[in-house]
């Protein structure tokens, strides 16, 4: 690999990543050298600028054919573009949240780190979505993980934050190890770490013993990755970590981390296991044969998330369980592969919806909890009277999370259901669990609305909304409604830009 | 390279992984827990290297992968220990089972 | 112009929403006026549509169809696949329901003068609710139907939970959960149909299911059709509600503010009947036919069960709640009769109960406003202090027990006429309910209005006055005009019923 | 004229609406509206009747309700029976309204009373004009409501309230039977129109059992309305209403509707001998049953009420033994003399403010007009020769004899004896002997009350002459005209002369016995039975029918309701709460598992992995 080959690569494909990387570096340098009294909050706007630039460059790349550089370790295919857009969009909103973040005991000493760690984590996620290779995938994953470990513990003097971060590290470490161990088997079976090559080998694999090992690897990778998306069986960290982490970080974990988790799951599953042969005759493919496992984990996740959420009194914990449940819904789409027709639309759209509604919810929570210093459900009490617009925004998010028509959440769920029913035999049990879970979720979601509208308020402190947070709220509300009422804005966009994601597997 | 079959490496890695897992899940001291996690990661490294040399289709990429892994493991340990330190400052303990202010 | 008329109708309460939203919070009078005015555009539009219908304009002229959502990217097969259109349409049946909705909404808006607090939020939700109801009855495809269906759920939840009586939150929760389950079942059915056929258009689905059209992706087997039909029935049976899915409705009737119960009993419950007619019967006629016995059975069960329970209630609202269950049982009985008389009777019953229940609950609202109670033992002798009120109450009770000359008789008569043809045994069991109905209604009404005047309610100048006459007179007038000349209502229905009978295989 | 007959019921309806909308502001002036409107109805009815003598049946209908291809009609029909009934109803109503103007003087809700009367008259006139069964049913129930409203006119009285409720519900039971009968008849014959039904019945489209069933169901309707056993007990209670109401509704018109119904549907009953049997037996039994109760009652209105029940039974008996003309004839005469009796009784009550005959007596000289009027009525009902009741009762006895059912004949004879006895018991108790009243100043009623009674008395005397064995059977022939085949073609029952003689003797015997006991007091009152005798007590308590109903049907319904409300609470509610509790329990377990111990979390994840792997190994890949 000489200089010429290096230059021959189409580096432009990596432009968004470079921008994020550059911004992160600039931020860290500025943070280092700027005098102490200088308000680090301004760095957030810089970070936001970086994200917007990255986003713009990504948009300019949209029309390009899919390219892969660095001997197919980095791919910019439709899949990568689509999900990077989501990641950048979500990250932009979260940075705005972080800009407005004002915990009661103050954060000024670490505020700088706060912002650029977001960027590095984002960078990890972006690399994951673009990787064509297990190594980059893993490196991206770890970049994301390590940054978020620190982010969770950024409130150094807060006991909960410390503990959350410690728990996150330990669980994360175990999950990483399990994933990696699985990956090592995959490498052993195929003798390659390039996804395209591996997929070719695995498709031709008819040896029973190797298939068995492949199965082992599949489960290890899957369980390891279920940590990232907070799905059963690796979901239990989520409530504790969410509770302890600063609110923007929770939003980050529940949105960006989750998107990244699904990105890597889809990457691995679709490129490796969907085409891998599932039996010695090569008649079935692997996922087709084993999707029952994913399906049952999905069902379990939905049940756990929704049922335990019923008992939560802490908002963040509640939304941790809610996010577990939503991971379950998405896993349904993965398990059924969207019925063969809807997978990408479904996942992408659902994640878009999830970005909007979840960040919106956390924006409200952040606002209220920083004012009252508590995360208890009761901080919502009387919001409807005190600040009707905020209450309406919150209602929109909650309705969307509950999947009520007119919001993005509904269309997202609709898509998932379509996938479960279109095949023969349909996944009726899974759909049944999902619908039951949705109904159970009504109880706690509407319980929040009961607090907002039916309960009297305790303190009549005027709620002050910082402009960053305000923007987030407005974007999220508008997005939730617009994409709920006219979902074809999103559907047409992905269909026009990415077609059917046909360039996903084929290597350049 | 004579005699030692691939399966031996794999079993070694598996055993190492299990020891690591056991340690990670049972030890009270957070430092040992972190070390156990390192152990698990290294078990994967053994796998990678072994496959790289003795796998069905030997290739160098396995070793490259393990290099990356080692680096990452180091970073993870560093982060982990840093977090542990800040926890220790506040709680004066490194016992994992005492970290349960957040539950249910 | 014609094409937009329906959309205009459905979304016309938005005008009121905007007006109310722009009002300052404290302006009670103005908000109430604007809230009421907000219900007028749909009222006039529906009258206009009605006059168009009677002057011979084909209702299909008003249909609108705009591409809306396209799921998946399946252009290779057929660009129309998995497309959900925004399509609204009318036929005689929905026209009747639309009229019912607009009229009762306007009257309920008047009855909302008793709302004591947060008028702004109340009227906003109220008008959203109206949009939902109007949409439900005009939606031409299942997804759209479902969307509007849910759109009625959320405002109703808040209206019950915020402005209701003492146990309002519990009531609103059980409203939400039961209806959530019902609508979840509905959603599953809708989506199975959608996924398997690629369309949700009601007409297209009807054709596919009855003519055995091929589906592109996975077939719908015969037994699945049964399942789907049954699921439709269950989903709407929860809404209707039919024994044993009724307990939510009892709570709602007891705890929601009377003006909302007017809407709820008057229109929302009727969505269940509408759904069974449109979807259960319409899309799966074959399967529905073989389930008819069950439908009637549950109809009779509800009819008698509601009547028996209404007999022992001490709260007048609960009497009415159980009477609603009982009356919805009649709807089921009619729908299961599988002949013109039965189905037409069921539709009549739906409309008639809508009017009667609305009036009864309006009166409950008036009563509660005056006396602060609806407990029967505490009332009595109201005929002295509130003679006009008592007269309305008595008239309404008579209407409810199916007195000829009022709408209730026509429907009960037709239902039993139909049922004695197809299920004479069950019909014979059912007639016991007619007697019981008389017993419990007289018991309740006479406990309130007859007898010694209770000291609690002995006040002068308590009678109906001013604006309160409007809902009472309009509703009673409608009840009587339908009862005296039922063809008023029967005319528009003929087309729909004929089509239905054709699918069900003749008489 | 007949094409304008639809106006006849409209006039009273106008009364109702005007008085209701005026909201009591007219007070006693309301009476004029009522009287004028009813007068208009009466004149019109009279004109229609006149015209009907000359012209054939008139019928006009419009589409009322379309059910699929079937058009249900509404309209009116003027045939012989209808025309006759129209006159009777409008006349009695007119007279009662005149009477009420005096009787109800000073009543606070005076105009409401007239409104209700108007409503009732409207419904009753509508009922008799109905051209088909459905419309008949329509007004049938409205009549019931009118009755309900008027019985409950004194709404604040507990007894009135209960009586009104009871009346409505018991007649409702009958109505439901009627409704079912109508529906079954519709499916049998495909129509509600009388003509078409009779045609279909005669062509034999319905099986014999079906016919019997339908006829009996329809008869159940009649049983409810006409207070036949076992649905009779509401009628005596209905006396809680104002007395003019009792005269109008519970003597002359509404209760006769059952008889009218059977008469209207006579061809149907004729087609089923079993149904005829049922009608006859029910009628005969009710006649003697009610008469026996009337023997011991002490409330003047109740005696009259049981007498009404008994007389209605008589009419049913007549119809059931194929005496169509006899039944209708008695219906007409009974309307006049029973209305007269009620009004006269009202006049007495008006004068001395009590209804208990034990507290009356010696009023003959004080009530100079009422006394003779009451006597006229009593004589008529007792079948005193040459008064109207004599002829009609005679006709019934003839019919029963001719039919060949001698047991029923015997019942009828005994009943007419009892009738004569208890009626004169009543008369003597009120008008002879010493005054037992608290009221010292007894005043005769005003002329506005006396005038109607005079008219009725006149009719009670002469109305029998339209159908006599001597002066021709004008009524029977007219009624039969054109309907011979449908109605069995029997315009007059022929029987041996001794029947007439015996009837006279029997009634005279009854009168004599009453005279001996109550007027002359030659015989002690305990001559028949001791006051505290078991038998007496049974009669006094009306055979404990009310109690039996209360303890059987009433308790059964209440018990079932309570049982169902337990089901509602514990089973329906129980299932729901089981589900919620178990979901909440699951949540509890789930959150208990969340101990906060980070290693537990890892452990569970690992266990999950292990389980997956084991299942995979056992079922899935390699080992399969």
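The first chain written gets the first letter, and so on, giving A, B, C and D; residue counts start at 1 in each chain.
Rule of thumb we're sticking to: a residue touches a chain if its C-beta (ideal position, glycine included) is under 8 Å from a C-beta of that chain, and two chains touch if they have at least 3 such contacts.
Keep in mind it's a predicted model, so treat the numbers as computed, not measured.
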Chain nearest the overall Cα centroid: C
Selected interface, A-B versus A-C, where C-beta contact pairs are more numerous: A-B
Rounded Å distance, subunit A centre to subunit C centre (Cα mean): 43
Centre-to-centre distance between subunit B and subunit A (centres being mean Cα positions), rounded to whole Å: 25
Between subunit A and subunit D, centroid-to-centroid distance (C-alpha), Å: 78
Centre-to-centre distance between subunit C and subunit B (centres being mean Cα positions), rounded to whole Å: 64
Contacts with 2+ other chains: residues of subunit D: 591, 594, 596, 598-599, 602, 606
In subunit B, residues with contacts to at least two other chains: 21, 24-25, 33, 96, 99, 101-104
For the subunit A and subunit D complex, residues of the former touching the latter: 166-167, 170-171, 174-175, 178, 208-209, 211-212, 214-216, 219-220, 223, 226-227, 232-234, 236-237, 239-240, 279, 289-290, 293, 297, 303-304, 307-312, 440
Residue numbers on subunit D that touch subunit B, as the complex places them: 591-592, 594-599, 602-603, 606
Partner subunit C, residues of subunit A touching it in the complex: 339, 341-342, 345, 384, 388, 399, 404-406, 410-411, 414-415, 417-424, 426, 431-432, 435-436, 438-439, 442-443, 446, 449-450, 453-454, 486-488, 491-492, 495, 499-500
Of all residues in subunit C, those that touch subunit D in their complex: 243-244, 246-247, 305, 308-309, 311-312, 339-341, 344, 381, 383-384, 387-388, 391, 398, 403-405, 409-410, 413-414, 416-417, 420-421, 427-428, 431, 434-436, 438-439, 442-443, 446, 449-453, 485-487, 490-491, 494, 497-498, 501, 507
Interface residues, subunit B side, partner subunit D - complex: 21, 24-26, 33, 96-97, 99-104
